[in-house]
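Look for subunit A in each of the two complexes below; its partner is subunit B in the first and subunit C in the second.
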Partner chain A sequence: MIAKRADTESVKAEYRVIGKPLPRHDAWGKVYGETKYSNDYKLPNMLYGKVLRSRYAAARLLSIDTRDAEKLPGVVSVMTAKDVQNNETVTRFGQTHAVGGFEGLYRVLADKKIRFKGEAVALVAAERRDIAEKAIDLIKVEYEPLEGVFDPVAAMQPGAYQVGEDKSNVICSYKVRKGNIEEGFAHADVIVENTYRVPMVDHAYLEPESGMAWLDDDGVITIRAATQVIEHFRGVADVLGLPHNKVRVIAPMVGGGFGGKEDITVETYLALLVWKTGRPVSLTYTREESIIAHGKRHPYIMRYKTGATKDGKLVAMEAELISDAGGYVYLSPWVLLYSTVQATGPYDIAHVRVDTHTVLTNNTFCSANRGFGGPQPCFAYESQLDELAKQLNLSPLEIRKRNYLHTGDAMATGRVLEHRVETEQTAEKVLEALGPPSKPKSPPEKIGRGVASSMTSYGRMMFLHDTSRSFVSLDLDGSVTVRCGVQDIGGGQASSLAQIAAEILGVPLSDVNVYIGDSALTPLAGTTTATRQLYMSGNATLKAARVVRDNLLKKAAEILNTSPENLDLKDREIFIQNHRKDTLGLKKTDPECNVNYGGTRKAVVAVETCVDDDSDRVVALEDVVKACAAEGMPLFNVAQFNAPTRELIDFKTGQGKVFADFTFGTQAIEVSVDEETGKVTVLKIVSCYDVGQAINPLSAEGQLEGGALYGLGYGMMENVIMEKGITLSPTLAEYLIPTAVDAPDVETIMIESGGGVGPFGAKGIGEPSCVPTAPALANAVSDALGVRIYELPITPEKILKALGKI
Partner chain B sequence: MMTYSIETNVNGRPRAAEVTARDTLLDVLRDHWDVFEVKNGCEQGDCGVCTVILSGKAVNACLTLAVQANGKDVVTAKGIGSPKEPHLLQTKFVEHGAIQCGFCTPGMLTSAKVLLDQNPKANRQEIREAIAGNLCRCTGYKKIVDAIEAAAAKPES
Partner chain C sequence: MDNTEYLRPSNLKELGQIMAGHKNRATVIAGGTNLIPQMRNGGKSPELIVDIGDIQDFSFIMEDDGFISIGAATTIAEIASSDIVSTFSPILASSARELGNPLIRNRATIGGNLANASPCADTALPLLALDAVIRILSPGDKTRNVVLNNFFHGYRFTDLGKGEIITRIIFPKPDDETTGSQIKIGLRNAAAISVASIAVMLTMEGKICRKARIAAGSVAPIPMRVSRVEQLLENQEISATLLEQCKAIMKKEISPISDIRGSAEYRSYVTAVILERNIQRALS
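Entry: the complex of A and B
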């Protein structure tokens, strides 16, 4: 049941709560149906909000007539761009350090030009949902449809239709330059060059964007919304022209995020309607709105030219990536930078030239999605590697082993990987776990295997000077409270903090209570994005808990007449190390000491080792807490963890350090492909990551399993189909994600090198876990059929086309 | 608009409402009766988070008209078990880590409950088929199948 956890040579500390596959503290409320999500509350006098969305993808907004809607009984307010004080705004993500050139510009409500279909045009608040829906239909909008541009390559050309008011549709471009690319290719014995395409995809969390808001007694707009970023309170306040401390955002348990609840969704609309009406308002997107009107994963077109010597050493890589940002900038520049830094994958290549561009079009805008610019290039560089291996007659594992980066090597950006790099080990393990190949069942069925590795950052870009804060306190009865402004989107973000506090303070997990996600009441912990919460807030919690522990031990040392270094904490007791019930120091009166049982029960400890009394060696946690309280010794701490920082990289060469560390992993897939129907069945899938240290192996494994299936959806079926800016797959019946019958049992293997920068040496795995799946699948299909599919998703139709059957 | 009076029994508690012919069981559960453990993920029958047990059958509350529930018993995740008396399925979901964001969980549990009521020894394939209409975006389904399998009766060897 529990994944194999590979041993590593490093000596591991003995943990008591960390590393144990414990049920998460939030799981019980969820099975009993008691957990209240963003849409599970009602307030007296509450109104229902609704958004009017543009019918066109490209148009000039000529006029909006809201009079009929306003007259409808039960309608309380209708708002358009003219009612928004600061309508043009940028998304900022809690970073305290302003960086130019990365502004995620967007408009709260459309004015002037419509930039994508589904863009918000007006807001309604009404007494009932059905009235709000009707009012939306009564708003008359006059548009002048414009030609628009829907292909990023076309949008880059001079003279192309301009999506916005700027001079160019190109939002930004980056480069990486290493060595001399011509020289590199001159040394290559084989060169493969291909163009890869990946589609736009949706997060398809089960909980659509949703929230409610009200005006508190003290005049604070309080928004309770499904979000990955409570720190959007600042952005919301800026839009309304209010001081930041007059907007509060609370994130309850979120029904899935995957990057889609990283940008503001309902928050600003709610705040505007509450501010205008003075009444509580609730607003939930329909599934269709969620698909057509909120940020997606960027489609990319990627041209890769890769050269290797005849013994399989990569010598040159040239890559050009074009990303379709859709109608607004949002996080496109950042996503592109991630792709740029990770464009060469976990490989050591002497000569590199990478050029990347992100471009506005009139498609649905794109922004963060699990992997944040990682999955796209991984599909290309891992497909390329297998093409080279084929030409060189090397196994996929062999060519990778000859090129993996190792600890101490420099990436193409010049950044030296100073932390642990275990990619090679992960590749060996997945192939070993795949076992002997399956036999094809019938003649049209072909078996194939594929492997793909990736390196994916965790933690935000270093030039953002990221921070997190956490508060830890002990109460008089020895119970522990953690307050930390993380958003829990299902990955166990809150529960892992409880485990860390329990470990350090020597209490059972059930003694820890965690308060999260309140911008007014919990110390700000930054975004639940970029696979950063365990790393950042885990470290902050660890730091705070250690201060509390030090104070406890100081007091206990006085009581026990020893020095704090001799003490340890476990099961709500502080004791002199090596004198403990389960080791030594069992009292003669203890039931485990066989003296009382005359041999009828199995002795736990031999009688000779039992002591008369251990009161001079052990003191109850509660007694120490009381002693501290009586003397005014603080048993709480608020700690801030500051991520290591660097200034901006050199944008002419891409040289520099962007991320604190990376997570390395490999996945292997075995497929059977029916050559007559093109149907692909995944027979086996194995995922292995160096997780550094699994804080909770059950949760970590869950991330690896869920991530692999997220990646498999990308590889096999997911596609937001757009035609001239219109989404043709606006429901979950058309936008397909894997179901329980499509899903193979993902086998997971965790390496725990202890070499991460998170607490206890943990690395982040939330996003990395989904990155190499699609290329592993593509490589397996190509192995089965002998032909390659260069475009995701790999559908039966594409397979039959590649086989020349249709 | 013409309305109808309906009466149902939700988790053993009698409930009544005035509904229109268009109102779905999901609307009534959430909007009238505050039965929030029944989730809304699509209102189109595509995701399964609204699954409830209606007279012993697993149905999508969003595709069931409120009037169709008149006179019937509705069971939700809360009706399957409670902190005082957890159902084995609930315990196994927690123990196996079958829950991440938990948004699919109430619907998964109701589908699984109906499956095991009808087929107590369901195997993995049967479990997968029974929850095929319940999407989960977080877990990859493996731990959910593990949990249901652990709650099922062991096949006789």
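Entry: the complex of A and C
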């Protein structure tokens, strides 16, 4: 589907590379299957690692006997908790700024109490994969099974089974208090109160958790792994008791992250086995391990009570959110804080009371997943809004328009939205694009339409004092090198940096080479999480490229005998501004952009020529570079971008500023529902976001489409089914995600307000793009049938139950 | 898996000898789409695997003398794209197209789909409705035929004895008065395991149904014919009242279980819905 771009004219005209739909530099390698991922690397003498996992969800670990496994020919090493120097460790959430309070506690290898089924108990390294698998079976573990607790509400009760060694299963609770909630409901003409449930879901990336590590010549443990965070090198070094500079993490292209590779996965296991054996070790999780034993999106139980006046103005919202963190803390407190801040959605409500809790259970642990606490409350608050609209006889659009926050308004947390807020425009556009309603084909088929809006932060929480660094240099021939420690997880993270450098340094995109993802060799750029890389590393790259450009222009000004302000830089030439002009009549298709996008769009760029040819007004980039080099004028720069910072919010009231900015958007869905079978067919999704500025519209459009499908899976079918801590959906045969045949037409619309805090006014869209899909679907199904489903996923069976047919 | 032996005969004669000689330990593999995952998750550890992939006489689709014959090792993809199958048994073609995903269809075979005897075996339902017969090669070079309706004895338990192997599936070409319909309910539009499936074949004489074949999947321990519904339809004019009776009987005849894909109530309800829909479709 072709993206539409709105409001572009005034902003776009001045850019040359930014905003152009350029095929990504990494695209063809992926199409041809040439791109190498973590599991594609091998070294001579390499061993295969394997993890023994707990068979119980709740148990006391009594003893581990590894003797038989060690005797098996081909087994090189077997490790248990006693071999790990610092087994009780933390995932350092703030990699650049240590924050107290909660740090994501977990154990490298199980000790004392088993807290979820699949917890790592022992590691094996062997000459062959099958030997490693066999050795795992030979390790004798003695457990004392314990009763466990599997429901977060039960786990909160006094006297509940304790998942860990602490006194309470409640990890943390937050509050938001605004106005007077009783007074608010007293002013309400209509109040709706419902309980919503959302399931545990998996990231289901193509590439499971994977890596290969070796001890390099310099004695550094070098880990090449599929990760969103190369800066886990510090956490890995801490586990082994090594200086941080003795562990290096390299991230090649990652086959999908979605938050699942935000926590450490295979890295520590690899480092332990490499340190013990001195040999390279490879370890890739099976799909079952990935689903059973790695972090998931938190299931929530959410009670929402929402009140509005008869004019449709929201006056009070009371929400209680309980999240199931599973067996270990990991990022649960932060995911919950995101949910807390975003619990009221993009709406202005005078009286708010939000209480949230995240609770340990003996289920698979939960941590980061695309949207990071955003999708769960969005399902609830957007369902509530449609329920109110129905009672008030208002259209879903109308009730939203009467309540959207606008630029300059304050959220329930008191934070004033000082940057652009275009939610209303996104809502109008999606409904307009949805067009006239489809006609039902036959009697049991009902057509329904739903809409949902969301606000989702981009960039990390401000009290983490986030930073990113990027290096930009010009070589003697005018080609550009960017070194930036981003992890490219498929979103075009590296390509966007190349575009920014090309724009600023006046070279074609093909002249830029980007080195990414190496904790030893590329400046540290922080995590590819929190929809932060374009914002953070884009700004860092912009800053570095501008320093290089300033130096170039300074030298060029000397050559051309003018001042730098008069100069512009383009197509590898530096020239006095207004000297060249666009010959608008003459257009041709740029070979680099000569791709037919779906048959309707060709990228066309203006060909520019010099109106005259006097060399005293134009100088080639290469000549300026050489002149700089001769004089020792630096044509490189390492820049650090510091995000704006705030200290922690007031946890008694939830008042304060947690995020730098938000991305606002709306999705609309049309469905056809078969009333007899309960089957939902999604006919169309329209997704509209204010992206601030699309750096590469193709990548941005890809994010919007992918986000909609990610959200659709959440709405329709995804569900990690657990029974007493046992995963009943451990493979992709049971854990269902939408296939190509389930994917509807997704139309994307981008508003480019230029009002974001990223480079060129960009906002982040990686996570925001998946947030409102499930509630839009729920609202569409409710519109079709007149009954509401309060629990995701919306399955045919739940629909038939809601209709009273079963 | 370490001690598993592997043999790959190149013709039916060799196969017969191997099966007879190792009848207590031979496990036949064709596409491997069932066996390999079962071996991986520790559910099966066969002593001897006999791979029939090299036997050319095993893969064919023939139209001959009023019958369609399909070799046991014919892949699901071949069946899905066969003109013969599409022409004479469109419900088998559409069931094949809905089985698994393209990777599975390229490897999985029709013989394997039947021998595995899953209650949700996609091709079993149209074949039951088509009155298919299974030809079996027994030790000692003997051949016997079993009506498919008598082939499934219980949950993953078939009529195949030790050392026996399916060689082909045969069914009569339906006449011009006979039409069919097939509906599979899954939890998504592709690569879905059946939650409930029905295949029907109806022979009509004017408004009167002369012969009815109804097969139901994923609602009993075996893919089953639902004879009581067939009897109700045969020699009757198909009316709305009759359809309601059929639905009621259908719910009594099946014995669905609740699992992660759906509850027994849901299966029961939706089976009745698709029974009616199939009959209406077959008649239209």
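To be clear about the criterion, the second predicted complex is superposed on the first by the 763 of 806 C-alpha atoms of A that agree within 3 Å, B and C clash if a C-alpha of one lies under 4 Å from a C-alpha of the other, contacts with A are read in each partner's own complex, and residues count from 1 in each chain.
In this section, a residue touches a chain if its C-beta (ideal position, glycine included) is under 8 Å from a C-beta of that chain, and two chains touch if they have at least 3 such contacts.
Owing to the predicted nature of the structure, the values given are computational and were not obtained by experimental measurement.
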item	value
Which of subunit B and subunit C A:V741 touches, first, second, both or neither	both
Residue contacts with subunit A in the superposition, subunit B compared against subunit C	B
Touching partner for A:G702 - first (subunit B), second (subunit C), both, neither	first
Which superposed partner A:K805 touches (first subunit B, second subunit C, both, neither)	second
Which superposed partner A:A733 touches (first subunit B, second subunit C, both, neither)	both
First, second, both or neither for A:A630, with subunit B first and subunit C second	neither
Touched partner set for A:L62, first subunit B, second subunit C, both or neither	neither
Overlapping contact positions on subunit A, where the subunit C interface meets the subunit B interface	733, 738-741
Complex interface listing, subunit A residues touching subunit B	1, 21, 23-24, 26-37, 39-42, 129, 203-208, 253-258, 284, 286-287, 489-492, 698-699, 701-702, 705-710, 731-733, 737-741, 743, 745-746
Residue ranges of subunit A touching subunit C (in the complex, touch as defined)	130, 134, 676-679, 716-717, 721, 728-729, 733-734, 736, 738-742, 795-797, 800, 805-806
Complex contacts: residues of subunit B adjacent to subunit A	31, 34, 36-37, 39-44, 46-47, 49, 76-78, 81-83, 86, 90, 93-97, 99-106, 109, 127-129, 131-146
Subunit A-touching residues of subunit C, taken from the complex the two chains share	1-2, 101, 185, 187-193, 260, 262-263, 265-266, 269-270, 273-274, 277
